[in-house]
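Going by the order they are written in, the chains are A, B and C; count residues from 1 in each one.
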Amino acid sequence: MSYKQIRLWKDRWSANLFLWLCLFFIFIVVLIGVGLLIKSAPIWKEQSIVHLIFSKEWKPFQGKFGFLAYISGSLLVTFLAVIIGLPISLMSAVYISEYAPGRVRSILLPLIDLLSGIPPIVYGVWGVLTIVPLVGQVLAPRFGAVSSGYSALTGGIVLAVMIFPLLIRILLDVFEAVPAGLKDASLSLGANQWETVKHVLLKRSAPGIIAATILALSRALGETIAVLMVCGNIAVLPRSIFDSVYPLPALIANNYGDMLSIPQYDAALMLAAFILFVLIFLCNALSRMVLNRLERRDYA
Amino acid sequence: MSHLRIATGAPGTAGPGLGSARQSNRRRRKLEAGMAKGLMLTCTGIITGSLLLILWSIVSKGLPSLSWEMITSIPGGGFYIGKGGGILNAIIGSIYISLGSVALALLVSVPVVLYINAYAQSHSVLVNFTRLVFDVLFGIPSIVYGAFGFTLMVALGLRASLWAGILTVALMVIPILTRAMDEVFKLAPPELSDATYSLGATRWETAKVLLRQSVSGIVTAILLSFGRAIGDAATVLFTAGYTDSIPTSLGQPAATLPLAIFFQLGSPIAEVRNRAYAAAVILTVIVLIISLAGKYFGKRLSRYKV
Amino acid sequence: MSQQSSTIGSEVTWSAEGAAVNTADANAAGSAGAYPGASEPPHLSVRNLHVHVGGNHILKNINIDIPNKGITSFIGPSGCGKTTLLKTLNRLLDRQKGVVVKGAVLVDGVNIYDKEVEVTDMRKKMGLLSQRPFPLPMSIFDNIAYGPRIHGIKKKKQLEEIVEYYLRATHLWEEVKDRLNQSAAALSIGQQQRLCLARGLAVEPEIILGDEPTSALDPVSTQRIEELFLQLKDKYTLILVTHILRQARRLSDTIVFLYMGEIIEYGPAEDVLLHPREKLTQEYVKGFIS
């Protein structure tokens, strides 16, 4: 082979190989979904999915696997996290993008990156050390409730801090996609900066803010270790935010591998993983498509 | 005063009515803007404050129990009832798993990133779809990877081992690494590949130039992934196992730092719990060092970058 | 004709002395051998070319023969398609999504849009200078040596000779000879553009494409680049896109005037600039449209 043929051969083969790796990884998504579905088959073949989701009876020894308590626990914690995390992140992102001088910005952004690099287990330890006593001894008594401190609210607060960096990063991207000309137009009509933020920036970014929220929601929904450490893990329907809850990921993490002797137990846990996967897959796909479109709108 | 001139319609005044409204409104508008800014500052304070609070509470609680012995020895007899020993097994295990998984992830991520940035037509359907897939994979929680990894492990006939842990963590890391590198490659000016193509370079040769251009960003991406890999508990929970000794082969189980923290924290004995806090300090310090190194290399290694 | 094209790119025959003289000779031998004298057919012609980008008809029925050697300038108001036309000449354009090219670009008689054509060979025949200089992320030496290296020259001594030759040819040698191993990004922007020119020349192209190559440069650097172009035009076919009418006047032998994706007029520079036939050209040359 001549030198040139070798070059062209390398080019062609690398192209083929790389393409197949790409396709393989697209295939992995399918594989994860199908794998979890197959492994959970024993349970959804015997009991209806609707029944599994809406029953609150969880008695593995009797073959009763009602996920309602876990699902409602997950939803409550996630909901709290977003309720707490979104306004704070939104205001902070507006500050960083519109108000903060360059130097302040260049200090804040690395700090936020540090926050996103802290491992979930450390968030969990922090939650146990700080937030559990805060909720148990300060917040709950103030609202006339009795709480061990291991509660839905504790999980919500810890998760809110965990989703700060994700929310802020995405919101900053979303704000950046708003054309500067639009803001200038508002300012030159005599609107002050806050009015410009309110009427132009936030309005124009609304789809992006919603997409970011959904993304943060799905992150919170899937978080495992930190939540598991602070939520108390009691599988009953929560009646207040000071009650202990048992989110789905915690259920999987606590029991998988140990309870395989009970029939259908592992299938039930795989079903839990499958439900998580599908929910989060849909949330992610939807919000990423919205965000991608937003980004492209102004580059095109 | 401008509002006095409305009647004459002098230039510089607004239409009828607006001028007088302006004066009474101005205070309220100013107040609202001030309050909003105060609120923003408060929120930013909460976020940075929570970072400092996390670091402070971990360090203040863990530092007293941190000792040289913890970092340099493996658990001795009676370690889990509060007697001597350390968590070297978990530190080494975590480093093995993170190194292995990031290396494995690189083998997949680099070709994928090169393909979508140097080989495929820009913004083609395949490229957009691949990016979307990796965005979605990025969002999949580690517990799902853990559960999937466990299924895969059983299907392949593996035990909980270093190898299974590496494989599972790699699955979680690949999207992180790929996305981070993709961001870097997207920054490379399109004229750079125009230049190499005009010299008669093939796509493969162009890809190599792009790699060179992106070296600093790639190092940062690797460190980022390493930090994620070392800190994640849910992926290794079922797949890597846990052992008091340092693994000597890929088939043996391996302890990991997050799990060392997790298990010891559940102990009823105070000394053991204190060690969990100390282990949390160790993990936090490792992660912070990696994160700062990432920032440092991101700036440093760009000698030839255009 | 096709025979000819296969001989130019396939075997790179380098020699130490060859580096010093080759470019002109290879060119002359290739075409003048087969077609002696003035009847020499053009290296590069465009036939019935239509380009659509994302559904927009950017270039409409382009037909030109670019004369060999000398400087041909594409002029016209911004958005007229001159850069697009330039990028279709070495197939950089169709790397983008949504680009449809119909018609033919003939290089030495071979349509480069034919499926069988080896794109890398074709591109090697055409150097490119972009609006801003983009040195490769490597040292000054490696920037020049990059092209010869990928085409198979490995000997250190030979590479050193090539690098020196082309750095001299672009009058950079004296300025950079003591820091060949430093990053090319450290050079001034004018030096970078000359480096990019040297880098392109080192793969022995026949044609040099310039996409407003002086638009990012200061007046002094611009002048140096222009001087280089005038020196190179005896050996190479230069095709420049420019939006500066005075530059086109200073440099061009041939002018192609484009407007809204069509060629309005083209011919020798004096004819087009001083005695334009078309009304649109007249208005553009006088500065009424820009």
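Heads up, the rule we're going with is that contacts are C-beta pairs under 8 Å (C-beta built on N, C-alpha and C of every residue); 3 or more make two chains touch, one makes a residue touch a chain.
Just so it is clear, the model here is predicted, and its values are computed rather than measured.
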| item | value |
| --- | --- |
| Result of counting contacting C-beta pairs for A-B and A-C, higher pair | A-B |
| Core chain by centroid distance, with centroids computed from Cα atoms only | B |
| Chain located farthest away, centre of subunit C as origin (C-alpha) | A |
| Computed distance of Cα centres, subunit C from subunit B, in Å | 45 |
| Whole-Å separation of chain centres (CA-atom averages), subunit A against subunit C | 52 |
| Between subunit B and subunit A, distance of the C-alpha-averaged centres to the nearest whole Å | 14 |
| Residues of subunit A whose C-beta touches two or more other chains | 7-8 |
| Sites on subunit B at which at least two other chains make contact | 202, 205 |
| Where subunit C touches two or more other chains at once, by residue number | 9, 120, 150-151 |
| Subunit B-facing residues of subunit C, complex | 9, 90, 92, 95-98, 120-121, 123-124, 126-128, 130-132, 134-139, 146-147, 150-151, 183-185, 196, 199-200, 203, 209 |
| Subunit C contact footprint on subunit B (complex, rising order) | 121-124, 189, 191-192, 194-202, 205, 209, 212-213, 215, 303-306 |
| Residue ranges of subunit C in contact with subunit A within the complex | 9-11, 118, 120, 150-152 |
| Complex contacts: residues of subunit A adjacent to subunit C | 2-4, 7-8 |
| Contact set on subunit B toward subunit A in their complex | 29-30, 32-33, 36-37, 39-44, 46-48, 50-51, 53-54, 57-58, 61, 108, 111-112, 114-116, 119, 126, 128-148, 150-152, 171, 174, 202-205, 207, 224, 227-228, 230-234, 237-238, 258, 261-262, 265, 276-277, 280, 283-284, 287-288, 290-291, 295 |
